């Protein structure tokens, strides 16, 4: 019975490792790397964490060696893994957001579209996705598995590559250009189909998902509070973003209201000057740990 | 007169140093290590900080060379120091909480209890406490002072050790096991008896104690606020932890209440899913600096 | 037109660099150092950042190579640069606050005032300011340009120095003493005169100034909230600092008020013990990102 | 023609990278990592270095994308690559010597030989070598490709592994034991078959090989010189190792000979005490850069 | 008298600092950075070291505040300093050799020669050398003093730059190209004219110069020894480089000679294969500390 | 029997650790720190290394828990340990040479000699040696055990200290001055008396001692070789140091001799200029690993 109460969770070793552990920490799980390098300690006795290559997570979740895992959406497709996709988690190893899978060539290669790749060599870590893509485009070309550093392959070792693109800096540094985008990808939190049928495991996974998303949302948001004179209240409320109903309180003994809300970090730079112009005073911005709508 | 207005505060040099300075910083005291390594600068002109070995603090506080100090409870007992114990501060060099003083032996030594130590050698940094313990157990054994790294002594250099145990990882790494626990220990904030009679010093020490405990409490707690529909208010309030009365405000113009409270970090992972299920929206968690009940 | 919509912002390379980038980050601008070392990426497409020596910023802002810049007040004077001084930003490479420009000599030099420097050599990075100062004091002395490390010049290479003094530690370490202070200086956010006439640029600069000051203010302040029994409300309000009107809310169903305000970090150590004594409970301190009065 | 005079040399990116570049440096080639990360600069205009995964080097050398390369002997076999094996280079990422390819299982798995693996799962980065081995042993088992960290697979993810073993510490740390050794392996310097037919390239490769081996040999050897009285000469010569004929010189004006030779580092600890006992004086040991027999 | 026996030696603070101290260490002087940062300790009581900006060394050596110093040849010219040039020391902050002073512009600026700079702005740290150069070329242009990072000036802040070029990587990274070389430059060991007249100081400076050059020469050279059969001796001697007469010794009891000589590092890669082909055996290369021809 | 063939060697953990391991490495023993932190791996199967506090080594060698060990001479005296002193090893944690045990006081304390300490408090890690010293001087004073950082004790915590002095920098930094030197001390290689009676262990210890001293000697010495014209031979030989008979060889076919010898590093700076003046050419200095006279 004891075993049934333990959720086996795969965490991607390698490029996503740092950000994933950081996210779990922000979600409220204290994760510590120990001497047993691949089995980090987590302060929830109901979870067993395993650090394992992102490429292996879809397969191990599918066959039930793991109950759940965090891995790239591209790798789930590449493995054609039959798993439950619990939620998208939009972060990359460098920032928040999605990444894309793209076809790229050397800037001075003369290759302009997938059609020009007939008979050529494409290097990629995602062989199956690349073959599917070529089939769809009715192009016959050689697809070679790349063991990494795919960006250096054109044009000495391959004519084109299919690779994950995050900020695009790597491409620029190697003088490559994108000639087609195969798909947008995000990190996914996935579960094994049988584990999803188990009531205890499902609830555990859903709660974990809620906290992970709450922590991710908080990274883009801040709390803001301010005083606003009674007659300016309507104007101020119009300026405030719509993501959360503001808490409006009358300040006892003053002709002032207090507004408290949550705003996106990208809005705040424009919001504060506007609020000040609208007559708000005592504008205070504070950091958040989690935001669950 | 000027001297009377300066509180001499001993900070433990060594394994507790980093965490103690961090705690003082969180309590609101800006402490900077300077060229005068053992006399860190503190931004309160009424305090003089001295970095000094934890073992020496009980003695120096007892004889008044220091007005107050932070040191381990075990060292106060070992020195049989007559000091005022102002408050417990539950942190260790690695985490929040207590540590324990234990008797440990090599896993494959065959020694099962203190009784088996008759005529054997025990290595420890706490010679007096160990002798007291043996007397109480009516066991005659040789107690050797250990200059550190006591965990390597069994069984090449000693048959058993009496040592401070924090997470237990060190024991495991050296293939030792605990066969008895002498006592639970926590870090203590202590004061000299005469300084405690001095009104100005006592108040200074008490305020410092209040802020240190407030900062320590905040490390385990977060703030949470949320919206709750009027008819769900009672249910939500039942879920909330009892450590602080929540601030309940009616949101003007909405059929909603705003709840704001403080929760323990270890509860929050379960609290948020429950609140969401209970109908709360806009759940926001934010970090705290100090919590003074 | 597109060019008109780009604000060229000079950021001081060198000793102020780290703190300035940190401040911009806190103001809400995500700045990343890239391969193009001197052109850090900023996540506002309307701003172009350039890392450039603080000494060159006044001149380049004056002649319009930069629209705005952050640099030392002393350097604006030294260059007699005709620029708009948008706001003071009181931080140094080590702390918050102002610095000063001082005349210092070797402790055992026998030189006691500027008058004793007749015919002597003064080493300084601020040749023009030093000459002005000597003229005002009617002292004829040789002023030599120093390429840095001015503090080592007395008395092997010069009789006195005119230099920026921050914490005074450097002076002490080189056995120097201040014999006169030429002026107090702060970091300044400056703008080109033509850019200031451009409506779009002026607003951009003003908003940036608002956010920088808001972030700077938050570094010295924290949020505080607490419960206070009805009959203690007046007493508690008297203790609270005056910098922001507190938000006072009646807690529904309790004979308690909730107070929320902002306090200076230097006050908080004294504020919390006082509030507790006055009957406040559940005192909670939390960190802030920005404070805009 | 110009191209013909450039040797394309593959250097293994990853675990062997540091030691390989160190060895090339010791061989007399100054290699610098530049911004173009995968194309380090080498101070021989006739060589182009490319950092590339060891797994890809056998294939790229075989098809002529590289003229020569340094890679593991196991990877050449795994790829069944048709290349010229120029020389063995006995070093690993940690030390000098060979490594081995072994079959390992969890210590408490009960599996004792390859025969016990019937129907089980083996995880390995060397799928082909493992299948060959199973065929030879007439055992049918599932071979799964491992993306790395193969040592953590037993027994949660696989029943056994086939992996490279260097010092054996990793095995011990993961509680694994070797139950069979498939083969001994060393790093190899390989060449493309066509390049080997090209006179210029072949000579370039052979010289490079000579210098690499000379540098490798010097890491295990030192120079030794000593004085020996005429009548003790024979005895001393008997003690000296045989790897190099010693240079024997009569010292002018003394009844002494000077002996100079090269010794293995592992011998020197025993050699020096013996020589001293045999009457040698002024024994001097000095470091070597290269030893070419 | 005691003072007369102390040589004041200026060591360039900044980019050349590390390599200069390394060179002094190799020359046999143990230099340690102490708390008194600008006065490193040297283990020769007859020398006082002072770390000081390279730009200030020519002036301070000229006026006798320093007896001798190491600085760039360009700075001596820029300052038109009247000093004794004791010797050239060919090293840069990155490598051994000379550097050059060049005129560079943005690659896409259209500027092709100094003639195209009429009326334009040149940014440089070497204002006087640049003005001399423009005068010689009869071009009138504005020369602006650059406080550093001159390479970022084109074309936003200046049309061209005159700057020190070491490996050229910085230029490439900033998309600049050289359109003229003003002069080749090397680091120089300089002395004050009066100090040079003092017998004790002159000898001290000359010995220091000898050791510095000896240490510098050793960085490019190695020792080589080998056995050669009697009949191959002539052939082998022809292959050996001419920089030092080889020591030829007949090995007692063998029909072999032992050759020992010094070779340049850049020759050794070709020398060893040739010697081996010529019949030499036991070729041993060893490192050197100093080479004084 | 197997046990008899293993030498248990204590290596001092802490301040001497790094230099001691470095010395053992130079002596030809490859020592690697492993996971088992206190039992470093040594590449001699006949030795077991144990890292243990220097203070504990005399006692453990005396009672035979260790066969041999490296520790401070002061600690042997403090423990009055009955051990065999095999050899002195003159190094400290910072340099080569001896250290001293001294009595020091605050510069402005007014205390001038041990006589002034009557009734005062002395803080020291060497309580027994200090008491002996006071007895010899017929001074009654309180001796308090110091747990480290003894240099900060005067005058807040003690009136004087007895401490190990290496370079004297620590004293200077804490404004202390030496008023008496108790003794000169060096690191010692010690053996257990019974182990010394065991033939195998004694030889093992003696050989180790020979190699340690050889490696230590080489750190202060270099090899030098040069050519000298026949008629200058006598003059050159007179300049050469006497520590090793030079190897003099006639160069075949030239009117030159080759001299090869060993010199102290501190002599070489003066030796090379003299040899050059005396007509020597091709002077080459090279590094040494070991020198066994």
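Every chain is named by a letter (A, B, C, D, E and F) in the order it is written, and numbering of its residues begins at 1.
Simple rule for what comes next: a contact is a pair of C-beta atoms (placed from the backbone, for glycine too) under 8 Å apart; a residue touches a chain by one contact, two chains touch by 3 or more.
Being a predicted model, the structure only gives us computed values, none of them experimental.
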Chain whose Cα centroid lies at the greatest distance from that of chain F: A
Superposition of chain A upon chain F: rotation angle, C-alpha, nearest 5 degrees: 180
Of A-D and D-E, whichever chain pair has more C-beta contact pairs: D-E
Separation of chain C from chain E, taking each centre as the mean of its C-alpha atoms, in whole Å: 42
Centre distance in Å when chain A and chain E are each reduced to the mean of their C-alpha atoms: 52
Distance from the mean Cα position of chain D to that of chain C, given in whole angstrom: 58
Chain B residues counted as touching two or more neighbouring chains: 35, 173, 249, 286-287
Contact graph of the chains (line, ring, star, complete, other): other
Touching chain combinations (by label order): A-B, A-C, A-D, B-C, B-F, C-E, D-E, D-F, E-F
Contact set on chain E toward chain C in their complex: 13, 35, 38-39, 50-53, 55-56, 60, 65, 146-149, 152, 156-157, 173
In the complex, chain E residues that touch chain F: 27-29, 34-35, 43-44, 206-207, 210-211, 214, 218, 223, 244-245, 247-250, 257, 260, 262, 286-293
Contact footprint of chain D on chain E as seen in their complex: 169, 173, 222, 225, 227, 249, 251-254, 256, 258, 265-266, 268-270, 272-273, 276, 281-287
